[in-house]
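Chain IDs A, B, C and D follow the sequence of writing; residue 1 opens each chain.
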């Protein structure tokens, strides 16, 4: 039973349905599952709830699914960089649930780890606490947050073996490993695909148990949102 | 400010006090911080609460501190392999709190991650649930467990750099990374010590922020509890 | 003619499916790995932090850093990955393991399992058993039908529970029972030569009899 | 003579200690990294999953996989480690970061901070700010004392809070205040040429005046 599929469309075939919760890795434009998101767009599936830290820049990442109005709700921590997001949100066409970034990450980690709820200090005494159970531990106020799982998780990894063991690269790791744990089905696009046994088992970030389908996307050009540099010192 | 100390005793100097909670990595005899435990023994500190999955075999690991009666309480998931443990426990000289192994791991993970409490299905409807809050999520019973932190965490790693970035080896990883996150002070013994920059930053299991003190223990002989083998196939 | 330990392991192996991730307990469950059908890929999880557990190492290749949850030396496979205890039990608790095969002391007709402690004896601890039965999607218990003259397949367990309503399938040396939280226990197979009367006599639990077995 | 942005960053840098792990927000806080005293080792955390954040890369060495929480390209150091967002915020929430230096819109005399949204304007989201102020041991806010004619150092924040009782030190272009949950706000420094009268006029919060400043 091979986990490897020839194209992003093939890797998603039979999985997508209207109204699903889709988890997507990535931070800004870094480490986003671009090919898989394009395949979701091309599938035409709609009324999605997208869980992702950001919506990426206009014309990239999840904003592609905003353009086509396939997303009805987003759960994110920051969307300030996306114009189309702002437009649809201000017009009331898009529902948004803001979660503090760490709460979002932990809710997804909890979802993947079988933890239905946990307490965190983050957001206690703020708007975020409204409607949530508050409890005092050791004299400090905490609020209860719930675990979050998705129907499908879309993940971008640097390298995978055919067993689905994943390695991420630098800060492109971000939300990807945690999304991989919380999808009922997890689909991964990888820049490098190798045979099982070619990755040192102590270097694996995400064990293959979390990965149901893999597509090899070797040639994707990765975008940089803010290109900041310093001058080279004179020799 | 160097994190590297010349001996295990030096690495613990000024940290130990009677009545502390000591977290110790290791599973059975695998990946236990042997040199550090010996240094705790030699310090004479007492009335300790030891948090560790096991007590190791007689004459090794935490059982050394049982021999000297420095431990008044253990929080563990399984202690069946340790005779001295059984003796002291049956005589009522040692207090024991059994936690399911996954609950123990998650309580420590939560402690290190600033989560005072979480819900888990593990142990619901059993003795473990007694005195704990029970709550239904999605029709299933869960119990509330609390985060756990220690005064000192003792960790065994395979490799460290001088910044305290750690790499573990095979199943000697076990409880070590999570213990490292939950000690107010974390002291690590390492088989290999290298300069900062010599470990690929994508291969680091525990970032240096969790490590306050390091001691290099290159020559320790590692014990095997159950040596099981298969015959080589005939050529 | 009760089933042998190998027979029971062979029967348990029929619960495996291609691509499954499986956790095997100590004792008879460990034997199940000898009966994985050829061509079927199954990855074994060891809850101390490993997926893709290989067989015992060749003599001389034992590695103190490479043990299973039973503390035995084992070996790596090409599919192997390692992770921490916290990550291991996140995997277990999160329902990512397809199947766990465990030993038992008592199983009830509602799927309760007792397998970790006997009052009055030295308590060794539950290890990862409570997490496994609570977290794994499908729990199969393999155990002797009776211990000497004591019944072990019960209306209610008398021993402290490992988990409540967690067992999906019970394989004993005499028979196989399906357990469903709503519909209770059903006897679905008999070991060769075992009669319905013998099961009735040796079982405290109430159970239905699957249609194919009636009259045997 | 109010402090410049660089002056404020230089003042904030005095809060650094050797061996500290520090998270710097966007804007003036980012400038603090230019004023780390020689010989002092400080590791910067970027909440998208990096410790040991280096400077901007040399031209031509930008890497799309290596950005900070402000989405700018950055570089690695010998001390660098990478980790997931969940691990990053476990680190933040768990109190392992010694110091966070952030920008602010309003700070109250009890240490409340508002810096993420203004009612009526487009909501961009709080990102990691709520986690940082809740989790980091010591939170320093650097901001202008006033916005045009609006006061920003308040008895109570009028804007939605980022955190309640979280700010330990407030550095403005005019002054520095210590904030203690029990003892309230204390003015401890004035920018060169700034008078107590000017602070009194421009501040809504109630504050004590540190002994050394009285009469200026």
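The rule we apply is simple: a contact is a pair of C-beta atoms (placed from the backbone, for glycine too) under 8 Å apart; a residue touches a chain by one contact, two chains touch by 3 or more.
None of these values were measured; they are calculated from a predicted model.
In the absence of chain D, the touching network of the other chains holds together as one piece.
Chain centres here are C-alpha means, and the one lying farthest from chain D is C.
Put simply, the C-alpha centre of chain A and that of chain C have 35 angstrom between them. Chain A and chain B have Cα centroids separated by 32 Å. One simple way to say how far apart two chains are is to compare their mean CA positions; for chain C and chain D this gives 55 Å. Residues of chain C in contact with at least two other chains: 76, 82-83, 89-90, 92-93, 135. The set of chain A residues that touch two or more partner chains comprises 106, 109, 113-115, 120-121, 168-170, 173, 201-202. Inter-chain contacts, as defined above, occur between A-B, A-C, A-D, B-C, B-D. Of all residues in chain A, only 106, 110, 113-121, 135, 137-138, 142, 167-170, 173, 201-203 touch chain B in the complex they form. Residues of chain A that touch chain D in their complex: 27-31, 53, 76-81, 86, 89-90, 96, 98, 100-103, 105-106, 108-109, 120-128, 141, 158, 168-178, 205, 222-232.
Those residues of chain D lying in contact with chain B across their complex are 18-19, 21, 41, 43, 45, 51-52, 76-83, 89-97, 135.
Chain contact summary for the complex, chain B toward chain D: residues 1, 109, 111-115, 161, 163, 165, 181, 195-197, 201-202, 204, 207-210.
The part of chain D that touches chain A in the complex is made up of residues 46-50, 55-68, 70-74, 76, 82-86, 88-90, 92-93, 112, 122-131, 134-135, 160-165.
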